[in-house]
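In the two complexes that follow, subunit A is the common piece, with subunit B as its partner first and subunit C second.
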Partner chain A sequence: MSDFEIFETYQRLLKNEELSTPLAAILALTEMIEQSRAGTMFELVKELKDGAEELNLKSPNPISLNAGCELFIEFITLFPHPSANFSELKTELIRQGQQYVVEALTYRKKIAELAFDFIKDDSVILTHSYSRVVMQTLLMAHRRKRISVFVTEARPRGLGIKTAEKLRAVGIPCSVVLDSAVAYAIDKVDFVLVGSEAVVESGGLINAVGSNQIAIIAKAANKPFYALAESYKFHRLFPLSQYDLPSHNPKLLSFTQPRPPGMSLKTQSNNASEVNPHQINQEQIAQNNPDVDYTRPDLISLVFSDVGSLTPEGVSQYLVGMFAG
Partner chain B sequence: MSEPSKDGPPTPLSSSQPSQKSMTKAERRELQERQRAAKAAQKQQQGQGQGQASSSASSRSKAQGAPQKKSESGRPRASSSAAPTSSRDVGGAARDGSGGIDSEGPKTRGLRIFSHFGLPKTSGHQVKGDIHPAIIRLGLQFSEFKICGANARCIAMLTAFKTVIQDYTTPAHNTLSRHLMTYLSPQISHLVAARPMSVTMGNAIRQLKLEISGSDIDLPEQDAKDALCHIIDNYIRDRIIIADEVIEDLAVKKIKDGDVVMTYARSSLVEKILIRAHALNKRFSVIVLDSRPLLEGKTLLRTLTSTTPPISCTYALLPALPSLIKEVSVVLVGAHSLHTNGSVYSRAGTAMVAMLAKEHSVPVMVCCETYKFSESIMLDAFGKNELAPLKFSPPEAPKPHSNLEVLDPLYDSTPPTCITAVVTEVGLIPPTSISSIPLALGKTSL
Partner chain C sequence: MASDPQMLANQRIVEDLASRLRRRQVVGSRQAALETLLVLRQVVSRARFSNVDQLVDVIRSVGRRLVDAQPKGRAHSFLYEYADFNHGSFITGTSEHSVGNTVRKVLHHIREEYHTATEGSTPAPAPTFSIAKFVSQGQPRKQQTVQKNDAAKVPLKENDPDDPDSFARTLKPVLMEAIQDVFDELETVYDNISKNAKDHIHSDEIILTLGKSKTVESFLKAAAHHRNYTVIVAETAPSFVFSSFHDHGLTRHFTRYGGREMAKSLSSAGISTFLVPDSSIYALMSRVNKVILGAHAILANGGMFATSGALLAATAARAYSTPVVVCAGQFKLTPLWNLYHEYGALDFGDPSSVLGFEEGDLVDKVDVVNPYYDYVQPELLDAFITNYGDHPPSSIYRLLKETYDDEDNEL
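Now for the complex of A and B:
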């Protein structure tokens, strides 16, 4: 519906720090039901699917958002509707959606408690970039045990620095590690703990770029690699390789066309590039590189979720059970 | 008592033959081997015709058993019981001709490594009992490899069963639901005698048995028969034809423009997938790998290149695999069956392709309908396999009485670690979570 802007709603909801992208998407879709003028279930589902499609197109990082949308639409489709009154049904659906989000916000605590048993006293933990669920786990662990944390810088966004600052504020000893120094530091580490954008059907993990690298290094050094993921991040996607991800496009990691030296002086208007026409800045690098990568299931030891601690094989079993209906 | 020597000519049995019980198991086995070798040597002495009669008699007696599993365990028992009886006959001949046998005796020992599958079946085997002509024709087609492939065999078998059921009349004082299965059992044994039963045929027969035993006693006979034929039609339609269409939809999404798809031998499903992808105007090329003895890849090549415009294909034999694997984007193979531990039982050579693809980080997709799932666990391809019949041996193969035997197993087992994804009609699943399939299909077991 043109008068209901779903993307603006979604962005407004995202301003709440607590809400992750799938939950914000679910709430946005819930608000869409409220505003919807559909008369039948079929029309409603169609509207929701169009809304989800729009969110996907406009959002820069659609994978976990898509997971939340699919979960909600699946829930709506399978919801038993004995009530003959359609507006009653809509109210019920909205209530269910909002209730789910409220409950989903407790998932992080559940996961933290589950992962807590795996953290021994005096553990050295390696984590990657910034993840709210990892944060909550580390804070809970710090209250009852002694831990120290290595955080990777996670270029280009540098979110790892945000993690380190927050940890230091609470009094957890931590150190920022260069992305390239993970292999150097891995022998000092007891285990690796990362969050997730999505956990996929194969049992693999989609997370900020660099996670795959850390997983490979952890496997080579025989350190466990744990992923923390709420159940609404489970996705039915099945990537066969890094380049099979929906976030991959041919522009990523593409080679720039080499320009012959004589022509560059005429085409460049920038003063600085007259001196060095082949200068590369950080922004160009960030645009040419991927945001997320895919970690294979054989590199992951366990996935901690609100439904329990699952092996990567178990993730697929759960997903099939959830979507089989 | 002296230990009989393993090499060298067999010691003459005229020396006091200790009773079977007093020998140790190893010594008894040695004796059996010598007796078997002596019997084979005697067969040659007595001429080919008589030898064939005895071997066909033994194969007939072996074929009378119930389905595959029982007969396999029955065969070693049958052969071990045959050996002592033949030793009494052969003992005399060996004693007489011991001097002459010394040079040729131990040569025809038979294939030891796959000997538990029995000898490759000679074509034109005997028909025992009341077998329906449709089943006889099917048995011949199976043994001649005219109908080859798990799906084709299952569909052909079910279609033949429909004819058999329609021609069936319930005898007096009997009900269809109880008698029909006993009527079908010898027909099934006849098919198994032609070629060992495939997992697809086994699953279909199990389902059919369930339906037959569940059929209403009060229904008039023709109605019950029509209902059964209808059930068979639905089974073929739902679990094979429509499942194939869903799998095609899922698999073509994984083929992108510019991809090089590699496939091995001929899977009916992979053929359909590639033709569908081509019809959707995707630009890709195909490498068809093939191997002896069946050379099924040639049929696939013919089908793929007869589309308009033709799909660009490369045809190579298996030894060329390491040179080609670097060009490949995705490997697409079919399967004979998929087992609970995730291993895939498929045409011999598939495991090699999957293992090498894994080494080069090429994703391997196995396309398999859910009715091909077997609840057993398969750790290697030795427990269950099939040898290609002798007619597929090349003409320059060594003669039967030389020291060299040709070994042609038709199937092998791919470990689940080499497989990236299994495409089924319930979606793409990792090979290790096959146990979630019944849940997805809404059933409690496969």
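Now for the complex of A and C:
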């Protein structure tokens, strides 16, 4: 085992604003191949799998990262290699990985163009949280059409505010909506446009928490719900409920044990600061809540990806093509 | 180039069809597809080209000309404001989508023939494989089986400076054959759709249909050979059909109310038939076992354009959970996603069939709109029966991918 630190490499790569987590993971894995002293394919794949596992364990939200790692490792195991020379093969694999990342960086533009045709003049769009591909689509639409955008605040991370600020900076009329006010706003909206953490085999969507409820509200109001996803976010996973997501753990949404009232008073009495022991702060709430949720495919109108506009069912075709022989 | 007599002859036949399309002298999506194919056959047989790109360009420009020639719907006043923004490339107010589809299909076949023809002659390019390809085409093993070397192949030389026509001469026969295949497919499309009719209609069922669709008509008649069942036909006012086509599209007979024609035809074939007014569709729906509709064009999302009234029938069917089945030939598959022209494909018929001049006092005071088609969302449809098998709306996009090349979606 080499002393290559994959997680540090990964974090260094992520500092590049343009790189999304699956691409950073793929690049980190190619660097791992460079450093690797493995002499056979079997050893190399084992090393990469260990590296992917390490990334998975150390990242707070590994879902889309896993999608990238699985794609790359599956590609490597299936790569047809006529050359008998293993080190040549390794350079070829590194080249492939790097070339893919360069190519994949153009996907957002491709997706934006696909989605653009669905945006009519004077549209009111609802989006959720912050997504680079959604931003690119909105910016492109703004150049050629009139659009206005509602952005949800997207607690707990509050990334919706980042979206709103960026949109406002380029002059797109924009309004931040409370996560709890989506149902209030939905009648003013023409369609919903969200990015994604991953698109799974059922065609369902994993995205920043709150996407699911927006999709449910959009369905109830009969508004289209479009998801944008680069094809490296297609993830071989088949969750049947929220609790099947790899990000779920028993600590999420746990009930706090009520303390007997007398006891808490005694322990707190010495404390100089007069804080209410029952007070709840935002941080506690965030810790007790999920980062991502799962949206069922029947709530999604279309998935725009670099391989085309797909019905949710269409996603599985690609996953089966890659992962089922 | 334009002085070339062959080119001029090509231009003439293209313009001829274009003007007939514009005057609506070619009506019906199959008819339009057939006529387009005839023109393309002429064009290919006369075209001069020394590589495949030139040929594709020629066909594309013909396709563009034919698609642009078609009547664009014009609506009155209140519809205008919606119609206004339809200048994007996606907005096709064309009435016959099958024209573009046929061009796309021919292009697809040309490329296919070209690839099989060149495979043996040029050394197969080193199998390039990349992650992007892996994502879009799946695992590598499958695609490698395609590479077969045929030693007996005539060498195909592109851009031969000594003999620029040699490429065309070798390729033309296979291309004509390919076009003939498309032609044969169109000729037999009704039979192929009706092949499994008896599996879709059971004895003693009550079927509701709408207007006059040749496809549905032959489907129902085919089922009647095996089953005893009842058809309810909505008269579909004020739709019209052209009842005779024998005279090369020039002498046409308008018959108002396609549903009446349909009922006449079905009952003369011995099917027990009821003719009902459109307004009673909802009321009758509780007795209906299945709704069978024809389509004008099937869109990539699994929705369709169909005779006005189809949306009414499909919505009523949804309320009673009655299955809705659509019969249509593959040439109606259109690589468009319905966007925001949900008010009837922007194609409007003659208002006089709604309100004639005999009601002169009124004609001044109201705008009359008579859209040909309804857009029916995929959620309201259960299955498409095509000559390429039966499909749910959600897999139409896939059928499209197999039928046309992505680069031709916009001609």
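Just so we're on the same page, the second predicted complex is superposed on the first by the 310 of 325 C-alpha atoms of A that agree within 3 Å, B and C clash if a C-alpha of one lies under 4 Å from a C-alpha of the other, contacts with A are read in each partner's own complex, and residues count from 1 in each chain.
We take it that a residue touches a chain if its C-beta (ideal position, glycine included) is under 8 Å from a C-beta of that chain, and two chains touch if they have at least 3 such contacts.
All figures in this text were calculated on a predicted structure; none of them were measured in a lab.
Chemist: If subunit A is used to align the two complexes, do subunit B and subunit C fit next to each other or clash?
Modeler: Fit.
Chemist: Does the superposition put A:22 against subunit B (first), subunit C (second), both, or neither?
Modeler: Touch partners of A:22: none, neither subunit B nor subunit C.
Chemist: Would you sort A:244 into first (subunit B), second (subunit C), both or neither based on which partner it touches?
Modeler: A:244 sits against subunit B, while subunit C stays out of touch.
Chemist: Touching A:236, do we find subunit B (first), subunit C (second), both, or neither?
Modeler: first
Chemist: Tell me the contact category for A:118 with respect to subunit B and subunit C: first, second, both or neither.
Modeler: A:118: touches subunit C, not subunit B.
Chemist: If you count the residues of subunit A that each partner touches, which comes out higher, subunit B or subunit C?
Modeler: Per-residue touch count on subunit A favours C.
Chemist: When the two structures are overlaid on chain A, which partner does A:68 contact: first (subunit B), second (subunit C), both, or neither?
Modeler: A:68: touches no partner chain.
Chemist: May I ask you to decide whether A:201 touches subunit B, subunit C, both, or neither, giving the answer as first, second, both or neither?
Modeler: A:201 sits against subunit B, while subunit C stays out of touch.
Chemist: Looking at A:210 after the superposition, I want to know if it touches subunit B, subunit C, both of them or none. Which is it: first, second, both, neither?
Modeler: Neither partner.
Chemist: For A:51, using the defined touch cut-off, is the partner it touches subunit B, subunit C, both, or neither? Pick first, second, both or neither.
Modeler: neither
Chemist: Identify the partner contact of A:160: answer first if only subunit B is touched, second if only subunit C is, both if each is, neither if none is.
Modeler: Neither partner.
Chemist: Minimum C-alpha distance between subunit B and subunit C after superposition, to be given in whole Å.
Modeler: For subunit B and subunit C in the superposition, the minimum C-alpha gap reads 6 Å.
Chemist: Share the list of subunit A residues that count as touching for subunit B in one structure and for subunit C in the other.
Modeler: After superposing on chain A, subunit A residues 313-314, 317, 320-321 contact both subunit B and subunit C.
Chemist: Under the stated contact criterion, what part of subunit A meets subunit B in this complex?
Modeler: Per the stated touch rule, the residues are 201-203, 236, 238, 240-241, 244, 297-298, 312-314, 316-317, 320-321, 324.
Chemist: Can you list the residues on subunit C that touch subunit A in the complex?
Modeler: Within the complex, subunit C contacts subunit A at residues 85, 88-90, 127, 129-132, 134-141, 144, 300-302, 337, 339-340, 394-395, 397-398, 401, 406.
Chemist: Residue numbers of subunit B touching subunit A in their complex, please.
Modeler: Contacts found on subunit B: 254, 330, 361, 363, 365, 417, 420-421, 426-430, 432-433, 435-437, 439-440, 442.
Chemist: Which residues, counting only subunit A, touch subunit C once they are in their complex?
Modeler: 71-72, 74-75, 78-80, 96-97, 99-100, 103-104, 117-118, 120-121, 231-232, 234, 302, 307-311, 313-314, 317-318, 320-322, 325
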